[in-house]
Every structure is written in structure tokens, then in C-alpha cells.
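After this come two complexes, each holding chain A, first together with chain B and then together with chain C.
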Partner chain A sequence: MFTHDGWVPMRDYGEDAVDFVIVGTGAGGGTLACKLAEAGFSVIAMDAGAYWRPLEDFASDEQEQTKLYWTDDRIVDGDDPIHLGANNSGKAVGGSTVHYMMVSLRFRPEWFNSRTKLGYGADWPLEWREMWRYYREAEEALCISGPVRYPWGPQRPRYPYRAHPLNAPARYLARGAEKLGIAWSETPIATLSAPRGKAHPCVYRGFCASGCTTNAKQSVLNTWLPRALAAGAEIRDLAMAGRVETKNGRATGVHYFRNGQWRFQCARNVVVAGYAIETPRLLLNSSSSEFPDGLANSSGMVGKNLMVHLNQSVFGYSGDEIRSYKAPPSLALTEHWNYEDRGKDYHGGWCYMAPGPLPADWARTVSAKGKWGAGLLEEMSRYNHAVGLKMVGEVLPYERNRVSLSEQTDRYGLPIARVTFGFGDNERAMRTHALDFMDRALDAVGVTERWRNEEETAHLMGTARMGEDPATSVVNADCRSWDIPNLWVCDGSVFPTSGGVNPSLTIQALACRTGDRIAELAARGEL
Partner chain B sequence: MSGDITHRAAQWIAGGATLVAGSVLSDSAIEHYRGSFANKAMFLPLGASALSIVHDGNLAARGARTGAVGSWTSGTHAASVGVGAAGLGFHVYNIAKQPGGFSLGNFFYQAPIGAPAALVFAGALGAAAHALSSGASALGPVPLQSGRALAGFTALGLAGTAGEAALLHFRGAYHNPAMWLPVTIPPMAALALARTALTGRVHWVTTASLAATAALGLLGTAFHAYGVSRNMGGWKNWRQNLLAGPPVAAPPAFAGVAIAGLGALLLIRRFSRG
Partner chain C sequence: MADPFSAYDVLAKRDTPSWNERTRDVIDKRLALAIAENVLGDTQLATLRVIVARVCPDPPDRPATNTLAMIVRKIAEDEGDGYRPHTLPRTAECWRRGLDAIEDEARLRFNCGFASIEPDQADEILYAVESGKMCSELWGNLSPELFWKWRLLPDLVSSHWAQPSLWSAMGFGGPASPRGYVRLTENRHDPWEASEDAATNSSHALSQDHEE
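Right after this comes the complex of A and B.
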């Protein structure tokens, strides 16, 4: 991982029963694999993607790096079909953290009780103070580089590493916020601002969204998984799980496709961590005579309450050269509208950051304005002067937004997921407010020829929500399914609400908590 | 006899000034190159520190006594002090105009607020060394022969340099335990030296901590060279990593200040013996 042609030893459990088989090695599964292995359990974590070695396997090429996305067939429908791929999936060991933007924010404490405290969405079965401790654990594991003082929310401990210098778009964000009289901050971000172990500090190359070639990015791939391997976990890559087997009300293992054949891995516990589409797909596809509606689905909630984040942006041009693709994107942000509820005609919060689109991505963005041919060329020649602001906005859970199984099957013979999504009035009101505000923030710093990119969404959450009540939720606070005691779900699908921040840190904090809880339950003989 | 000691002290102080000026020359050359010499004034510290090196290095190396301080020499030192002071103003202005103003982030990454002070320091030390060597009892209103004013001045310089190391090593999150060394040993030396300046008595702790600081300054360059190697591509990618890594030329400034402090101790010892 950290040296060219380097190898590390890995345990090989074969297919005898292990304590835990985890399906998925992203922010949820990879983190949990580490926690469980370090707690002394025998663990196999499978991933449909490959075990890449960034120093050798990654290229500074947007097209090449699409190999990190989950681009298998899916059917999208609904009023606002989601564009799936780059910014809401990952198919690699390490999951989407291999190419994530590294923005590592904590939830606003009230969001864990948004139903009781803020009057919308659903309550989490967790207490924010406890989550605060697990956020800390995740931040330390990722060696987050962040500001010394964070302007919003309850006081938090100092980030392990200092914040990075601001790039030009971040400086535009900062000046705009100052002009409009709201606070801004350097973004807590999971890329190194100083050496750590064998990993080099960030070189500000700016290819983060295509996978970091230098290991400065602190992903599950190069933080939790090396620890997991050292603690005796096995990572089984290129293994596509198709079905969780159950017998007498308990999970017995996972059928998976590897090296051209279907195989079966026995396990005393099964953790599903495939993210908000593949997790419900696997649970629904594992239906049996015992569980005709799919596993863990007595509430009927598996696949429902799918959420995304609003990810709309405002862009324009500056007289100055910006080169927004330099350095990690999103180096500055404001969470003002996550913590300020006055002046809103909608529920929920949003933040905005300073994006740094790569060239091909940018060409797609401007061609969506109807630019083509010579017009597109002329627009692309101004790429170095483009500057914008991009939101991450909370989307409410609606049961009608869901993942279900279609009639069609994929190359494994598994039913393809159907992803149905549509915004509500709340999202439309938030989008209008956010775009107007970001437009003012750019206007205030002299950005001209502004336009609004109203299409994009990011992240996926929901579809196996946690809760206090087995009738309305899929798993409990420990991410353990209500119906099948040795079946767990550990990824973004357990989110009851989406919050107005990027989800990866919260998923990792939840996985840390789940790992600790499993160890406690095992010690009490309650597994 | 006492003249010999004065001259030896002058040599030490001139040597210290030379080291500090050398650190300023190489550090500002690298950092201002990194800043593309966007402002023509960014060449000034290179010229001023180079002149200081020529004059003070000459004095440090030469055993013989000089006559009255020449106007060229005085002008050189005045230029270093002036350019350093102007640089301080520029650097403060540079920080003030950034988004966030006087915030930690800007102190970390914008023009280093303490660096131009080193040039002021080199100029003043150089002027003092030349005055001492010419037999003058004072530099302007500052008495030189007792060594106490010089000790106080170098204590201040050490404290400032340690302060800058503390700020920038905090930026690096003290990721290597060795990064604590320059924020522990030099402040101890500064305290001991300040005490000596006040009491006029030299304790062995003062001498030892100054010697340790001088050694640390040279060792620091080795540590920073290692720090450069910790960046992507290591020394093979030196053209980038010299700019991105820790400043290789900065730590010798510690050694320079400490050596000047040892020179001041020579004077104080002589004075306390009568």
C-alpha cells in the first residue's frame, strides 16, 4: 500500500465458519472489520471491487479512474431520477472513500433528535454526546486536518492535524461569507497536512475525486484496512455477494461470486455494508420461505426512505485566475445554515463549500448549459477563471423514495435494483433559498456571468433505517436487525435522516460504535 | 588582555550575525522564489543579508583588530535593519489583507511574520560586533562593553525564534517528537540568558543551554532535510519538496543567535571579573 511493489501478509480463513463475514469494505464495513478484528473476532470482509494499490494502480486521468465507481446496471425512475455513479458509489476495497472528497463533518447535535427537537424527519436511537466520542475516534483514525477553532456547534477537541492552506476558490468563499456577515471555516478534511507514518502529506495535485495516488488521502483503504489486516482480518476482493442464507431464524453465511463461480462463506454473524442501494438489494434478494419479504423486513422498511443530498451549485467567472482544480476541493465551508434556523421556510440544514471540478467533469457541467462545439471550446478556454459554490443540503426521508428489485437480472443473474426518487416541496424550498444565497455570496466578491447548476445530488442514505421501534425500523441503535439477531447492517443505509453534511464521518463513527457494542454484547454472551 | 576578550567577543558576535544573515539569505531566496518574486522588493533581503555576510563574515574570520567602523560597514548594517523592519511591515500587511485577517491559518501559510525580524537581528548584531571590535563603548545609546545589553538582546532573539518554531511546528502538528526540541531548549537558554543580562552573573546553565541551542540549530537542518524527504518523491523531487517541506535554511538562525549570546557571555564574564 505505501511502497511500490510492497506486500503485506494477510490471513486466509478459507470457507469454514468465521465470527463475522462483512459484505462491503467502505466507510461502514471496512471500519467495522478493523474494530471487530482488533476486538479479537475472526473476520472476513468481502468487496465486489478490487484491492487497488494507489501508488501503482491509479492514474491522473478522470476516465481511467471511473474504475472506482459502481457502474453496474440499475434502473432509476421517479420524478427526479438520481444520476448514479461518481459521487454516490464506490466499487473498490475501501468503497467510495477511495475517491471521496474527504470532507469530514460532524452532525449538528439536534439532528439526532430532529423529530423531537426540530419537528421533522425521524429521531435517531442514539444520543449525540455518545456519537461525539465516536466522531473523535474516527477523526483520530483518519488524522483529520482541520481548523483549531470550529465556529459552529458544541466545542470539539482539536483536530489531529492543522488545516490546509486555502486555495483560490476557498478564498472566494471566505471573502463572500465575510461580506454577507456569516462565519466560515477551513474544512476539516481527511487528507494529511503533515507526514503520517509512511504516508506523505498532500501535494495539492487536486485529483482527489479520482482517487489519491500519493496516499495523502486518508481513506478506509489506507487507514482502517491496514489495521484490520494487522489484527488478522481477511479482505476478500472481487467477491460479489448475491444472497444471505438463513436457517431457523438466523443467518448462516453468504453466497458470493468469485473467480467465475458461486461459493458459500459460513459465518456466525453476517454484516451487510453495501451502501444504500446494494444493502437493501441484498436483503430483499435473500428472501426465503421463512422471510418471504426479504431479510430484516418485518417492518416493511427495507429499501424505503432513500435519501440523497442536494448538491446544487452556482458558478461564474472571475477576472482573476482561479484554477479551482488545484488542491483538494472544498477547503473552506460555511455551516451557517446548518446551525441557523431563522429565516427558513423549510426544514433541515445545508452547508456550502468551494468546489474544484476536474476538466472532464467541468466540460460535462458546462455542456449541460447547452454549450457544444465551438461554444463549448470557448467556454472551456475560460476554465481557469471559473469559480463557484456548492451545497450539501438535507433531504427528508419519504417512504415513496425507495430501492426495490426489478424483473431484470444482471450478469450474475441477480435482480437489478430499481431506484425510485423524487424531491418534495421542502427540498425545492431549500434549493431556492440556497441557490439565491450562494448567488449573493458570489456576487459580493465580483464573480460575474453566474449561472445555477440545479441538477446534481450527492451521497445516498436511508433504506435500512435504525430506530427504537421494530415496527418502523430495520435495525436498532447497535445496527443489529430486529428480526434476525445475527444479521447486522453497517453503512449509510441505517441513517434515519440525512443531515446537511457529508455522511462518511458519521458512517465511520457509527461503525466504531457498532464494533464496541458487538464486543460488549459478546462479552455478555448476548450475540 | 581585556582588549583580546573584547575582540574575541566581537568575533563570536559577528559569527553569529553571519550565520543569521546566511539563514535569512538562503531562506528568503527559497521562499521568495516560491512567491515568484511577485514584488520587486522581495529581492531586497537577499541583497541586504548578502552584504551582512560579507562584512560580518570577514570580521568573524579575521583575527586582527580594525580601526573605526567604515561607513560602508555601517551602511550595510543599517540596510539590513531597515530592510528587515520594512519586511516586517510588508509581512504584517500581507497577513492583514487575507480573508480571515490575523487568523492562525494566515500566520501558518502567509508571509511568516517573524522571518524579517531575523534580518533586523543580523544587522544589529553585526553593527554591535563591528563597534566592539573598533573599541567603541556603546552603539548609539546602547552600552556594549558590559555585555549585558547584548545578552538581553540575544535572549529576545532566541525567544522570538523559538516562538516562530512553536507556531510552525504546531502547524505540522508536532508529528515528529523531535519537533519539540526547538520549543524547549532555546526558550530555556533565552530565560537563562535574560537572567544573566539582569544579574550580570554567568551560570553554567546559561553557557550549556546556549551551546545546546547552537548545536540544535545545526542538527535542525539535518532534521529538516529528513522532513523534505518525507514529501512525495523525497529528495529526488527536490525542486518541489525544498519548497513544500520544512525550510532547510531556517534552523541555523538558532545557532547564529546562540553563538552571539555566547559572545555576550565572554564580555559579561570579563566584566564581572573586573
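Right after this comes the complex of A and C.
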């Protein structure tokens, strides 16, 4: 991982029963694999994707690096069908953290009780103070670079590494926020601002969405998983899970496809951590005579309440050279509208950041406003002067937005996922407010020829929500399924609400908590 | 159209610390990619060639691009993006049906194949695909608007702006590992980045601050 042609030893458990088999090695599964292995459990974490070595395997190229995305067939429908693949779905050991934007934010405390305290969504079965402790654990594990003092929310300690210098788009965001009289901050972000072990600080090459070639990005691949291996976990790559087997009300292991054949891994506990589409797909595809509606689904909630984030943007042009391809995108942000509820005619919060689209991404954005031919070529030549703002906005849970099984099957013969999504009035009202505000923030710093990109979404949450009540949720606060005591779900699908921030840090904090809880339960003989 | 970065060639950085070995390998293969044979019929390929030229023209005075070969490769491998509307078939079938329908549309409107009509006639048909105003029965249950928005346009621009000629023409820094960048603020750039020609940007001359 950290040297060319380097190797590290890894345990090989074979297919006899282990304490835990984890399906998925992203922010949820990879983090939990580390925590459980360090607690002394025998752990196999399998992933459908490859175990890449960034120094040798990654190019500085958008097209080549599509190999990091989940590009297997999925069907999208509904009133506002969403983009998947590169947008939000990874297929690699380390999951989508291998190509994430590294923005590492904590939830606003009230969001864990948004039904009780703010009057919308659903309450989490968790207390924010406890989560605060696990956020800190995740931030330290990732050496988050961030400001000394964060302007919003309860006091938190300073971030482990210093904040990065601002690039031009971030400086524009900061100046716009100041002109409109709201606070801004350097973004807490999971890329190194100083050396860590054999990894160098970020070189500001700007290809974050295509994977980091230098290991500055603190992904699950190069943080939690090296620790997991050292603690005795096995990472089994290129292993596609097709079905969780159950007998007498308990999970017994996982059927998976590897090296051209179906195999079976026995386990005393199974953790499903495939993110908000593959997790419900696997639970639904594992239906049996004992569980005809799929596993952990007595509530009927598996696959339901799919959430994304609003990710709309405003772009325009500046007289200055901006060159937003340099440095990680999103180096500055404002969470003002996550913490200020006055003046809103909708529920929920949103933040905005300074994006940095690479050429193909930018060409898709410009062409989406109806440009092609010579007009597109002409406008693309102004790339270095383009500057924008991009929101991450909370989407409410609706049961009608869901993941179900299609009649079509994939190359493994497994029914593929059908992803149904549509915005509600709340999302439309938030979008209008946010786009108007971001437009003013760009106008205030002299950005002209502005336009609104009204379609984009980001991230996936929900579809196996946690809760207090087995009748309305899939798992409890420990991410343990209500129906099958040795079946767990650990990824973004357990979110009851989405919050107005990127989800990866919350997923990792939840996985840290789940790891600790499992160790406590085991010590009490309650596994 | 004036090329604002006439003196800049991203490929000149190939053997500098801005390109790692893997990137050199990937870009070399892209530039050498040939149009795969027996993937599309002759008429389909001729239609696609004109679509690429009309939707994604090459920048003048730059080396020709390989966009067409990349699209044909994608069709050959039936490569998906990880999502498609339920009314769109998979990549290869979607492209073939779309190309056949566009060819048929040209014959209906101009009594001539798409590859042989005038450029403005080709554009007229492409605008009609974009807005869904199609006559050919070959479209069947394939929505022209969805074909345009979810298949044709993203595939074309994603492949076109994967071409070094396009990176040069837009002043993009190109591959940047391991060297990356040092100067990050507005109106600053590193010596290994593109300089914008003064003539094309005279209105912004006062804010320029080139120290290199």
C-alpha cells in the first residue's frame, strides 16, 4: 500500500466458521472489520471490488479511474431518477471512500432527534453526546485536517492536522459568505496536511474523485484496513455476495461468487455493509421459506426510505483565473443554513462548498444546459474562469423512495436493484432557497453569466433504518437486526434521516460505536 | 474560434514528474486506440462518425481525437455506467437502435443517409432528437430525449474530454501525479501549467499576476 511493490502478510481463515463475516469494506464494513479484529474476533471482510494499490494502480485520469465505481447494471425510475455509479457507488476494497471527496462533517446534534426537537423526519435511537465521542475517534483515525475553531455547533477539540490553504474557489466562497454576513470555515477534510507514516501530505493534484495516487487521501483502504490486517482480519476481494443463508432463525453464512464459482463462508455472525442499494438488495435476495419477504424485513422497511442529498449548484464565470482543478474540491464551506432555521419555509438543513470539476465532469455539466457542438467547445475554453457553489442538502425519508428487485438479472444470475426516487415539496422549497442564496453569494463577488444546475444529487442513505421500534425499523441502535439476532447492518442504510452534511464520517463513527457495542455484548454473553 | 492556450500542449508534460507510469500507459493506449471492427455496421459507424463531429468537434489546430474509437469500444464491451432508466436498454443495444433510428430519420426528412446530408441538416435532426420530435418508427419504445440525455450526450462528452487535445485547448493542467500543484489562488499558476494568451483575455489583463 505505502511502497511500490510492497506486500503485507494477511491471515487466511478458509471457509470454516469465523466470528464475523462482513459483506462490504467501505466506510461501514471496513471500519467495523478493524474494530472487531482489534477486539479479538476472527473477521473476514469481503468485497465485490478489487484490492487496489494506489501507488501502482491509479492513473491521473477520469476515464481510467471509472474502474473504482459500481458500474454493474441497476435500473433507476421514479419522478426524479437519480444518477448512480460514479456519483455515489464504489466497487473496490475501501468502498466509495476510495473516490470520496473526503469532506468529514459531524451531524448537527438536534438531527439525532429531528422528530422530537425539530418536528420532521424520524428520531435516531442514539444520543448525540455519545456520537460526539465516536466522531472524535473517527477524526483521529483519519487525521482530519481542519480549523482550530469550528464556527457551528457545540464546542469540539481542534482537528488533528492543520487546515489546508484555500484554493481560488474556496477563497471566492469565503468572500461571498462575508459579503452576505454569514460564517464560513475551512472544511474538515480527510487528506493529509502533514506527513503520516509513509504517506506524504496532499500535493493538490485535484483528482480526488478519481482516487488518490499518493495515499494522502485518508480512505478506509489506507487507514482502517491496514489496522484490520495487523489485528488478524482477512480481506477477501473480488468476492460478490449473493445470498445470506439462514437456519432456525439465525444467519449461518454467506454464499459468494469468487474465481468463477459459487462458494460458502460459514460464520457465527453476518454483517451486511454494502451501502444503501446493495444492502437491501442482498437482504431481499436472501428470502427463504422462513423469511419469505427477505431477511430482517418483518417491518417491511427493508429498501424503503431511500434518501440522497440535494447536490445542486450555481456556476458562473469570473474575470479572474480560477483553475478549480487544483487542490481537493470543497476546501471551504458554510454550514450556516444547517444551524439557522429562521427564514425557512421547509424542514431540514443544507451547507454549501466550493466545487472543482475535472474536464469530463465539467463537460457533462455544461452540456446538460443544452450546449453541444461549436458552442460547447467555445464554452469549455473558459473552464479556467468558471467558479461555482454546490450544496449538500437534507432529503426527507419517504417510504415511496425505495430499492426493490427488478425482474432482470445480472451476470451472477441475481435480480438487479430497481431504485425509485422522487423529490417532495420540501426538497423543492429547500432547493429554491439554496440556489437563490448561492446565486447571491456568487453575484456578491463579481461572478457573472450564472446558471443553475438543478438536477444533481449525491450520497445514499436509508433503506435499512435503525430505530427504537421493531415494527418501524430494521435494526436497533447497535445496528443489530430485530428479526435475526446474529445479522447486523453497518453502513449508510441505517440512517433514519440524512442530515445536511456528507455521510462518510457519521457512517464511520457509527461503525466505531457498533464495534464497541458488539465487544460489550460479547463480554456479557449476549451475542 | 481562437485557441486561448495556443502555446500549451499537455502532452509535453508526459515525461515530467506530472505523469506517473500508470498514467503514461493509459494515455498512450488511448491515443493508439483503433476503431474496433465488426462492432457496428458500416452505416451505423458512418452515422456515429458524423454525430461525433457535430456534437463534439475537434479544436482547430490540435491533433485529431480518438473520441469515435472510444465510443465504439464502449459499445463493443457493452459497458454500463451503473444505472439506466428502465425504458432504456443496455449500452450496446441502446446505441445501435439510436443510430438506426437517426439514419432512418435522415432518410425520411431528406431522402438521404445521415452521413451524406449537409451539416446543418444533421444538426436539425440532432436538435430534434434532443427535443424528442422524431418521426421514424424505428424509435419504437426508445425515447429520443432519454437516449440523448442519458446515453448520447454523456457518452460523447465524457470520451471527448478524455482527449489530451481537448485538455490543451481548455488550459487544463492534465495528469498531475505525483507533482501536483503549488500555487492555488486566483490568477496564480505554476510554471508547468497553461498560460492564457494575452490577446484572448485582454479584458482581464489588470488582474493578471504572473510571477513565473
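Structure notes:
As a working rule, the second predicted complex is superposed on the first by the 527 of 527 C-alpha atoms of A that agree within 3 Å, B and C clash if a C-alpha of one lies under 4 Å from a C-alpha of the other, contacts with A are read in each partner's own complex, and residues count from 1 in each chain.
One rule holds in what follows: contacts are C-beta pairs under 8 Å (C-beta built on N, C-alpha and C of every residue); 3 or more make two chains touch, one makes a residue touch a chain.
None of these values were measured; they are calculated from a predicted model.
Once the two complexes are overlaid on the shared chain, A:137 sits clear of chain B and of chain C alike.
By the touch criterion defined above, A:483 lies against neither chain B nor chain C after alignment on the C-alpha atoms of chain A. With both structures placed on the common chain, the touch criterion links A:69 to chain C but leaves chain B unconnected. Judged by the touch definition given at the top, the superposed model places A:245 against neither chain B nor chain C. In the superposed pair of complexes, A:171 makes contact with chain B and with chain C alike. When the two complexes are overlaid on their common chain A, residue A:381 makes contact with chain C while staying clear of chain B.
Contact with neither chain B nor chain C is seen for A:47 once the two complexes are overlaid on the shared chain. Residue contacts after overlaying the shared chain place A:214 against chain B and chain C alike. More residues of chain A lie in touch with C than with the remaining chain of the pair chain B and chain C. Applying the stated contact rule after C-alpha superposition, one finds that A:234 touches neither chain B nor chain C. Applying the stated touch rule to the two superposed structures, the overlap between the chain B and chain C interfaces on chain A comprises residues 165-166, 171, 203, 214.
The residues of chain A lying in touch with chain B in their complex are 147-148, 160-163, 165-166, 171, 174-175, 178, 184, 186, 193-196, 200-201, 203, 214, 216.
The residues of chain A lying in touch with chain C in their complex are 56-64, 69-77, 81-86, 89, 165-168, 171-172, 202-207, 213-214, 318-323, 325-327, 358-360, 362-364, 367-368, 370, 372-374, 376-378, 380-381, 383-384, 406, 418-419. For chain B in complex with chain A, the touching residues are 98-100, 104-105, 108-109, 170-173, 175-176, 227, 230-232, 240, 244. Contact residues on chain C toward chain A in their complex (touch as defined above): 1, 3-5, 18-23, 25-27, 30, 54-57, 59, 70, 79-86, 90, 123, 126, 130, 153-154, 157-162, 166-167, 169-182, 184-189, 193-194, 196, 203-204, 207-208.
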